[in-house]
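Report on the structure given below.
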Amino acid sequence: MKDVLIKGKDLSAFCHNLQDSFIVYGVREKEEGHFIFDEIDEFSDSLEKYKPTILPPKKYLFPQQETLLRFDTEPHLEIKSVVESKKQVLFGVRPCDIHGIGLLDKIFTSDNEDSNYLRKRADTLIIGMDCMEPCYEHAHCASVGCLDIDDGYDIMMTDIGGVFFTTVKTPQGEEIVKKYVEYTIAGEEESERFLKLRSDRKGRFDNKIETEVSNLPLFFKNADNDPVWKELDERCLGCGRCNIVCPTCYCFDVYDCMDLTMTSGERCREWDACTLKDFAAVSTGENFRSTRGLRLRHRFNRKFNYLMTKYNTSFCVGCGRCTRSCPVNIDVIETVNAVINNHNNNHERE
Amino acid sequence: MHDFHADIEHITRVEGHGNIVIDVKGGKIRTLRMDIVESPRFFEAMALGRTYSEVAHITSRICGICAVTHTTTSIKAIESALDFNPSVQTIKLRKLLLNAEFIQSHILHLYFLAAPDFFGTGSVFGMVGDNKEDVLRGMRLKTLANELCALVGGRHIHPITLKIGCFSKNPEPRELSDFKKRIEDSRDEMDETVKFFKNLKIPEFERETEYISLTQPDEYALYDGKIKSSDSGEEIETSDYLDRVREFMVTHSTAKHAKSKRDSYMVGALARFNNNYDQLHPKAKESAMEMGLRHPCYNPYMNNIAQVVETVHCFEESICLIDDLISAGLKDEKREIGPKKGRGVGATEAPRGTLYHEHKLDETGKVTYANYIIPTAQNLANIENDLLSIVPTLLNKQKEEIIVDIEMLVRAYDPCISCATHLMKVEFVNE
Amino acid sequence: MKENNSLFLPEIAEVVSTRQLTEMERYIELKIKDTREFNFNPGQFLQLSVFGIGEAPISISSSPFNRETIGLCVRRVGDVTSALHKLEVGACLGVRGPLGNGFPVEKMKNKDIVFVAGGLGIAPLRSLIQYVIERRDDFARITILYGAKNPGEILFADELECWKQRKDIEVLVTVDKPDENWAGKSGVITRLIPHLDLEPSRTYAVVVGPPVMYKYVLLELQIKQIPEDNIIMSLERRMKCGVGKCGHCQINGIYVCLDGPEFSYHTLKFLSEAI
Amino acid sequence: MSKPRVAFFSFSSCEGCQLVVLTLEEQLLELVTLIDIASFREAMSEKSDDYDIAFVEGSITRTSEIERLRTIRERAKIVIALGACATIGGINCLKNQFEMEEVQNIVYGKMAEKFDTIPTRPIEAVIKVDHWIHGCPIDKDEFIEVTKALLLDKKPRIPAHPVCVECQMRENVCLFEKGMVCLGPVTRAGCKAICPTYNDGCVGCRGLIEDPNLSSHKNLLNEHGLTVDEAISQYMLFGGNSKEKYE
């Protein structure tokens, strides 16, 4: 489908109409200046410039708690897998979060397919909303190559001044545009305006990382003994917030929960966090990452080295949530730059 | 039974630990005492030196059942020390929360602690067999009240949102209106409750005493009011509470002199009913009528029935409060208030009677003095006097039956002994 | 999507026999209910479920040539393992697997093999040993070193004895703390290595034991100049899913469940958190 | 499996935790099909000294309580500390900041000596405890979790991580971001972050996590305007029993 134009004032109706066939999740201001994704029935354009939500929209694909199995132990053992999913639309997702979902797609499809995630993913339509300027001080999407995006959404809307220039990426996207909103085909003039705005924005998103992002695995490979981990060890509270708010963290715990009848129950998974103390503790008493510094080092390596090496893309999408949420101001960019600088200084000395 | 001795240890189905000692020789009562064996907890000392904003955290832990009332009263005392008057919205939210606590506490007491006595069983678990529907009704009503507490206060036991001058978080108007609907839908269950308690056979016994409660001209006083005595009808300011309360405390003590004719008084549902009947919601009055509770009433066992009446009242009152809150719209009122040097007294009706907190603060807001007077402590002397007058009438019964009757009377007061322990002075009355 | 093929859905298996090996260890033999043939490589593991309690990764301890039943050796350390100890014959439990890759048996063919098992480490090794014995001609010299804390904790003592009887296998057993009836060797397992006569280029050392053991055994093997690629170790990590998702068993860039649980020392050397 | 016999006991406390058990309502009725309640004074008259599992609420604040608690330990196979008073001493520990005579005098004046009182301690300071249900008051789901775990003979799933995890999962705006203070980062979770959810700082009623980073947390409180003394005073509200840890 050709690019289309949707008027700002029609977005609310769009949201509303989508509810005929989907649950619509969009952004809501929970408290002044703090946003969350929640079920919405209209879109208010005051939210167009929202700062990243407290939790990323991954919670609708990989919820905080999720049932995997149901079982009966009496009269005899029976097990059923449980996959809960409903047709849903994520409305107004930012590029960083779309990238985040794209990375989860990789994680949950490669090696072994996770049907609990994939079924929800298949039932989800993503309506993106592009960013023309950094949404807040912690954003560093451009630095990790996650500002520009041309995949991972069904439609993407860009405000080109009162009207949204809309790229339709998938057949499902085309279907909802045709069915649920008033639109016109974008003309030459609008396309040009759109392209110009896109290229103009570049200057506003500066590169905060003091190297090419693709170099990062190299820096991190040699950073196991970097003094930064010692410093963070003293500062980090081990509270796990950076993990919980991150759009690309996906670790989980699995546990059984019996019903009160004690003859049936379910197996569930729940978000876990690699910065928590017993994440890597085993029954023999060892804890393979026993200090907060080591655990944080692991987390940073996952974003900029381990997973990045395996999948050839940064696993930090630049939303800045971890920096914002860290009570003791551990800043992802500062930390990455410290690793780079310490490395360079070491080399100079050598 | 002319000679009779009973040590009723750890009276059950009440909150806190109390024992009753009765010694009857030759048909005459030689000893009759309600000992409080609950450990004293020294709250007045615990609060000392703490910052005014923390006090409610501490006082709430005096009692898990009336945590809302303790928190409210504490905050009122602090606000009065700070010379701060909360907004209408805050007061209405507090009243709503208090109504919810009344419903929850009364229902708990009525269905779970008092009712088993009438069914000759030791606990609500024993009632499940023959009266499952009644038990479940009690549970549903209690859940309703608990959830209303949670909506307004965060949780029922040790509420979170009650703050000096405000609520840390307001309920959403939508949540309130949803809840209103639930209360309205539960009116039937309330009617059933009235029928249920109407059919229970309340023992006949009368002993007129002095009834003390808060009072207000234009509402059934729970949240605030002047202190009223049924004897004189006189109303005094809460800040002068010691004139009223001390007066009767000292009558128990051999060391001090009585200033009043009476040596005990009653607080609680029946006292409020007797003092403030006019202000009851019409529906509550109707239910009183239906259950045979006439105004005034001097049968302490009827305290249970007065509790049912109050529950009906609180149901209706909650609905009105929710309507008011929604129509006025809820504003965020969160703010810092104080510190400031001062003395303040707060008085609130707890489900089981009038509660007083007094605090003195220094200029940095640290507590320099605290005094808490708890309803059950005020009732203890009256319970003993009731027992003194009822025991002689029971002496023709078997010991076990006597004990049941005595425990029932104590339970009718809905005593919360763990709250009361800081007023241990009562223990020495009859020594 | 094949939902009933969910990654997390176990098959039902039945306990067909059990044997208490020591106070802490129990041998459990299972049969998958819908009797499909059960193929696996030595060194692979299962996720065992006791429903209501949870799931735990347990290595397969029986011979891969036995396709009928699966043998497991379970040490009682926590919830699931204790529940497994309580299962009686006929009880049902859940099984996912086989998971992981197992030992690189193909590469080991025609080589001398030294097994170094510490304590429970014999559990996964037993499967490999049985494989090697079954295919005895495919392998050159075979040496089994086994160390236990004390004589009472020796696992599969009868089998060790059988293997010892064979001319074509050398078996050395040592205990850290001997008692008065113990006639064998004493001292930690590392002390057995210096006495071995090894030809480094054609030797594979397969080491499985508690994490503390690895460091010292590696030192000895390095003295013997065994190539890093030929030292194979099996790692225990916390593991929730066993299928490369939950993140718990991650060591630097690798997942123990997906990439292991057996690794060559060459691989592990570069992983700062591995040993 | 024969039904285990369960008893509830209460020492110095507000009895709020037992009340939480009573608010289980219909779940409680389901529970009593799985267990026999041998004694639950707050709810029933029948009582028996024959029990397997003892839930003990309240802290130890008198010499006479020590003996009573030891008897409970002897009779029960499993003892569970119920609520902050029992698990960490709770609010009752506030009195430990004074000498005991002073405490007695403040409240009872001339009659002070009649009231035996000793420094408040959690029950663990007197007897061995098998499980802990934290919180002031306890969370009812945790009570159910522990009871079910006992029936299944497994460790209850009680979080070891700090409150922040649950708080973020609920998508609360962190109080520190609003200029308020909170003990969530050093306090054991399990309460579903109920206080921050209602816009009030965590006061630490569930006790410290294992290995808290107190020095960093203290700095954080300082940055938010609390003096060292004020910060310690915050920790002391519920943490009075382990004062040394905080200093």
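Should a chain be cited, it is by its letter among A, B, C and D, assigned in written order, with residues numbered from 1 in that chain.
Just so it is clear, a contact is a pair of C-beta atoms (placed from the backbone, for glycine too) under 8 Å apart; a residue touches a chain by one contact, two chains touch by 3 or more.
Quantities reported herein were computed from a predicted structural model and do not represent experimental measurements.
Participant: Identify the chain whose mean C-alpha position lies nearest to the mean of all protein C-alpha atoms shown.
Facilitator: It is chain D that sits nearest the middle.
Participant: Report which interface contains more C-beta contacts, comparing A-C against A-D.
Facilitator: Higher contact count goes to A-C.
Participant: Hey, which chain ends up farthest from subunit D, C-alpha centres compared?
Facilitator: Looking at centroid distances, C is the chain farthest away.
Participant: Using mean C-alpha positions as chain centres, tell me how far subunit A is from subunit C in Å, no decimals.
Facilitator: 39
Participant: What is the distance in Å between the mean C-alpha positions of subunit A and subunit B?
Facilitator: Whole-Å distance between the two chain centres: 52.
Participant: Counting only Cα atoms for the centres, state how far subunit A is from subunit D in Å.
Facilitator: Chain centres of subunit A and subunit D, defined by C-alpha means, are spaced 37 Å apart.
Participant: Whole-Å distance, subunit C centre to subunit D centre, using C-alpha means?
Facilitator: The computed centroid separation for subunit C versus subunit D comes out at 43 Å.
Participant: Could you check subunit B for residues that touch two or more other chains and list them?
Facilitator: Residue numbers touching two or more other chains: none in subunit B.
Participant: If you look at subunit C, which of its residues touch at least two other chains?
Facilitator: Residues 52-54, 78 of subunit C touch two or more partner chains.
Participant: In subunit D, what residues contact two or more other chains?
Facilitator: In subunit D, residues 152 touch at least two other chains, as defined above.
Participant: Which pairs of chains touch each other?
Facilitator: A-C, A-D, B-D, C-D
Participant: With touch defined as at the start, can you tell me which subunit D residues reach subunit A in the complex?
Facilitator: 27, 30-31, 34, 144, 148, 151-152, 157, 160-162, 164-165, 168-169, 171-174, 176-178, 184-186, 209-213, 215-217, 219-220
Participant: Show me the residue ranges of subunit D that touch subunit C in the complex, using the header's touch definition.
Facilitator: 152-155
Participant: Could you list, by residue number, the parts of subunit A that touch subunit D in their complex?
Facilitator: It is residues 30-31, 34, 36, 54-55, 64, 234-241, 244-245, 255, 258, 260-262, 271, 273, 276-278, 292, 324-325, 327-328 of subunit A that touch subunit D.
Participant: Quick check on the complex: what are the subunit A residues that touch subunit C?
Facilitator: 68-69, 71, 73, 76-77, 79-81, 83, 107-108, 111-116, 118-119, 122, 224, 250-256, 258, 262, 265, 267, 269, 272, 274, 279-284, 286, 288-289, 294, 298, 301-302, 305-307, 309-310
Participant: Would you tell me which residues of subunit C are touching subunit A in their complex?
Facilitator: Answer in residue numbers: 1-10, 12, 49, 51-55, 77-78, 81, 92-94, 210-211, 236-238, 240-241, 243-248, 250-253, 258, 272-273.
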